[in-house]
Amino acid sequence: MNVQYKPKRNLLGTIFQVEILQGMALTLRKLFSPPITRQYPEEKPPMYPGFRGQHALVRDPLTQESKCIGCMRCATICPSRCIHIRCEKDTRGKEVLQSYSIEALRCVFCGFCVEVCPVGAITMTEVFEYASYDRESLYFNKDALLKNWDKFLDESGHGEDYVNPFWRPRGLPEAELPAAQRMKVPEDWTIAGQFIGTNLRSPKQKITDTHTEEDHA
Amino acid sequence: MTETTTLSVPVTQGDEDKYKLRMGPQHPATHGVLRVDLELDGETILDCYPQVGYLHRGFEKLAENRTYAQNLVLTDRLDYMAAMANNVGYCEAVEKLLDINVSERAKFLRVMVCEMARLTSHLLWLATHALDIGAMTVFLYAFRERETLMELFAELCGSRLTNTYTRLGGVRQDVTHEIMMKLDRFVNEFPACIAEYETLIDTNRIWLKRTVGIAPVSAEMGLDLCLTGASLRGSGVDYDVRKHMPYAAYDQLDFEVPLGETGDIYARYRIRMEEMLQSNIILRQCIEKMPPGSIVGDDAPDLIMPTIPQKKVTPDTSAHQGLIKLIDDRNVYMEGDVYVATEVPKGELGFYFVSDSKGKPYRMHIRSPSFIHIGALQTLGKGVMVADLIAIIGTLDVVLGECDR
Amino acid sequence: MESIRIAEDLEKHFPDSILEIQVHRGQFSAIVAQEFILEMCQFLKEKHKMNHLNCLTGVDNLTRKGKHFERFEVIYQLYSIEHRVGLRLKAQVKDSDNPCIDSITSLWTGADWLEREAFDLLGISFNNHPNLKRVLTPDDWEGHPLQKTYKLKGNTEWSGFTDLKEKFKQLSQFDFQNTHVQEGTQAND
Amino acid sequence: MQILIILLQIVILLAIVLLHVAYTTYFERKVIGHMQVRLGPMTVGWHGLLQPIADGIKSFFKEDIIPEQADKPLFLLAPVICLVTMLASLAVLPFAKGWVLADINIGLLFIFAMSSLASYGIILAGWASNSKYTFLGGMRSMAQVISYEIPMGMSLIGVMMLSGSLNLTEIVNSQGGSLFSIYLFPQIIGFFVFFVAMLAETNRVPFDLPEAETELVSGYITEYSGMRYAMFFMAEYIGMMVMASIGTVCFLGGWNGPFPIPFFPPFWFILKVYGFLFLFIWIRATLPRYRYDQLMELGWKLLIPLALLNIFLTGLFKAFF
């Protein structure tokens, strides 16, 4: 397919600067249209669940401690190798987490650690404003990570047994998921309720979804 | 001050009255950290030496020490304007190398995010290209649509820029009805937005003066310079990897490849504008044809991949005419090499993998279009004016993250 | 024409240079000796219209075993846009201490930078290359990073950085106010 | 006494003009912002109304950096030349009947002279900074001024021929009081040439080559900082106002309007100048930038012949009617 060019400017168009006037008419129209920008510090951007923001260790509502079992899967997969874990065996021979730290300045925010965690201990919250003037405060140890989780719960208003449903990937069969990720999810997160190609614009096949009405409104 | 740094422009006898200008690496129009050493006669460029490497992070060496799954995050940082397209390119290559099947739904999702990435990249190209030539209003109009797509990315995979969306054998997340509704609305509104940009620049006499006939590339010259993508198609060479070596679900979709004739800046501009419309058509088809099913293939590997071969390597299974040995066999991590190209917004992004039957690539080479395009700048930049050089850098659509790797 | 026919044709014309023809995951590659690489590329470009050079790079085969593998090989991935068929040439570079192969910049100007990159990262030099200099690493970089012998962790800094630190140390002896005082005294003298 | 009154008038005029400069920058940022579907300055004061004051204070207290290799006296002098010449040309502008500091007979010529001198400041700035980008900016400015002084002068010859005077007050008076007797209609070609040359003369888009941001970083003001940078900035905006005033006086009938405003005679004049300024900004928001040689081509091959044609037609008009 050859590209189509607009017709060449004719003499009248040249004399009366038609195309320039058209452009100026557009900018003049836009002068009175509502702005699209966001006044950032006052107006926060929309955060979707599953945004890969600040790291946190989920505080187990039962024990008030981290859920981490020290399996090292996150430290193994981490592409930037920024997770450091130390475990020790307690008297009963059970692995107990001694320290867990994440260097947020080295992290590339890929979310692999959350994806491989078998118990849903590490997570990434929707907090994104945690810039700091010193490096030490961005070197999260276990307490800091647990505190991040509390902070996130406070800010977002979730209950303390909140589990981010985003980390149970949509569109995967239940059987393929680790136990921690087999959680109760809304209907359209399962394969049965997934989006299947339709012509969204044709009235006949209009899907009966609550979102549809809202979006069109 | 800098005795250690040698000026790369060779100074010969009789050159003394040339005006030498080092444009970049910190310059508003060099799209990152490109440095161009110029030799000027007035404002005409006699010689032009692009210098790269300011953003060299050694991805190819890094990749040799990380597993195939981990390397995925490196590709986000190649062409950060279209990280999704790089993800897809990387995964397609690794899947070819390790012989992993992709589920049908994941193929369509990949095409969808690829085309969304193409739109974000082309919109940013349009914005900066127009800004380079001085039309600064197009910049924000293009960002308006780009923002919509970025938010869709954020909703889909949790990140706006470095998406890390694809996985070996599939993708990370399925789409929701909401995302598809938003995408559908975007697809419907987008052609009107294109018309808006075109009102400002398409027939504008100043835009035409700055673009028509500047830095023309003939078909032979384009092939000689190894240009790809819109830069090559502007010269009329029908080479689009999506058509030539279809990957993901491109062979099931109906779209056209726009071709130019003159190969000048205006032709390339028109091609990218047409490509945006074609991407829009592909997105529409993705919405309509999205098949049901799982988002990963049946034999997709776990994210934590074993680093030793799972099956015994059996090369030399059958011989063909003495010298030709077919060593093809279904075996993960078998020795061998593949080159898989994908059509990213900047051109042909190729991954050349050599596997030595371990869980890490023995050698990963990234054929980055930006690197080759900047190499071509040396030829294209000769004899034009400084203002044209800026336009040429813009029209080649280079990203230094991809160039320097 | 299919890749395999092209490979056979290539073998017919350069019988001694083709060491082996492989196919892996449906992609054909010919392992060739380095001597006639320019002629081979020219033959493929002119006779089989392989006018697009996808990729040119090198591989260090130090820790990888193969029948014909030399220490370094140079990969040429060629593609014919007209016939929609590709072929990969893997030229084995004989000399492992001072690897050297003919440049194909006379066929593709675009190979210029790709060869410079191979030289920079792998240390393979190209004969008749117009401007064989480092491209990604600084001009005074030591070693070639993609060689398998290149140390991942060093205990010395890059000389450019140590120079810079030295300079900074020298300059930090004079703080801002002192320089003015010194200038003043010099003027008085 | 007479001198004191004039001094007082000068001070009042300067104060008003500088305040206008400050708020033209605000106006420009706001208008371009909204044309680009964003908001422009919003933080300092209500909708950023105090932004220009904040900018002024900031640039006043910023460090005045002088490059080591610069030609110091010239480097320091250049912004002063720019600003002083632009301020001087304010003296001859008639804002209303009798509202003029120096009602000299060669007002138009004086303004040409002053605006040429201002470009001298730009060239000096480009040269004295001893930087490559500023040098190219200065060279571009020189070429631009030489090419565009000519069509600008020629475009106004038609006006001079019709009014028979170089005195700006005379030119306004000769246009009469009604809307239809302004020189815009008989001198439409002249006005077009004047308008384009005016954009080029004030280094505005699409002719902002001396400071082309994406090509020459910031052109001739790359090395300047603090107050000296602000002086260039002020000179540019005063230049815009002076040129807008000339356009108003020569083509739009000066202070005459559809009906007189009782207590504030320059009302219409100021309104027309604001209109011109809006046009400047509007064009900046819409158009790309010409290339250096294309600019020359436009000046020499299109505008000068057009201006000559205009003179010829005006002469014919004068001779036969």
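By letter and in written order, the chains are A, B, C and D; residue numbering begins at 1 in each of them.
By our rule, contacts are C-beta pairs under 8 Å (C-beta built on N, C-alpha and C of every residue); 3 or more make two chains touch, one makes a residue touch a chain.
Keep in mind the model is a prediction, meaning the values are calculated, not measured.
Between the interfaces A-D and B-C, more contacting C-beta pairs are found at B-C. Distance between chain centres (mean CA atoms), subunit A to subunit D: 51 Å. Taking the mean of the C-alpha atoms as each chain's centre, subunit A and subunit C sit 39 Å apart.
Averaged C-alpha coordinates put the centre of subunit C at 56 Å from the centre of subunit D.
Taking each chain's centre as the mean of its C-alpha atoms, subunit B lies 21 Å from subunit C.
Residues of subunit D found to touch two or more other chains are 35-38, 285-287.
Counting partners per residue, subunit A has 20, 23, 26-27, 30, 36 as the residues that reach two or more other chains. Chain contacts: subunit B has residues 137, 140, 144, 200-201, 204 touching two or more partner chains.
Contact between chains, per the stated criterion, is found for A-B, A-D, B-C, B-D.
Residues of subunit A touching subunit B in their complex: 1-6, 9, 14, 17, 19-20, 22-23, 26-27, 30, 36, 46, 48, 50-52, 73, 76-77, 79-80, 108-112, 115-116, 124, 166, 169-173, 176, 188-189, 191, 194-201, 207, 209, 211-212, 215.
Subunit D makes touch with subunit A in their complex at residues 31, 33-39, 42, 282-283, 285-287.
Residues 4, 7-8, 11, 18, 20-27, 29, 51-55, 57, 59-60, 63-64, 66, 75, 77, 79, 81, 84, 86, 88, 108-114, 117, 121, 133-140, 145-146, 150, 152, 159-160, 163 of subunit C touch subunit B in their complex. Considering their complex, residues 20, 23-24, 26-28, 30-37, 39 of subunit A touch subunit D. In the complex of the two chains, the subunit B residues touching subunit C come out as 4-6, 8, 52-53, 56, 58, 60-61, 65, 96-97, 99, 223-227, 237-239, 244, 320-321, 323-328, 335-339, 341, 348, 350, 352, 354, 356, 362-363, 365, 367, 371-372, 374-376, 378-379, 404-405.
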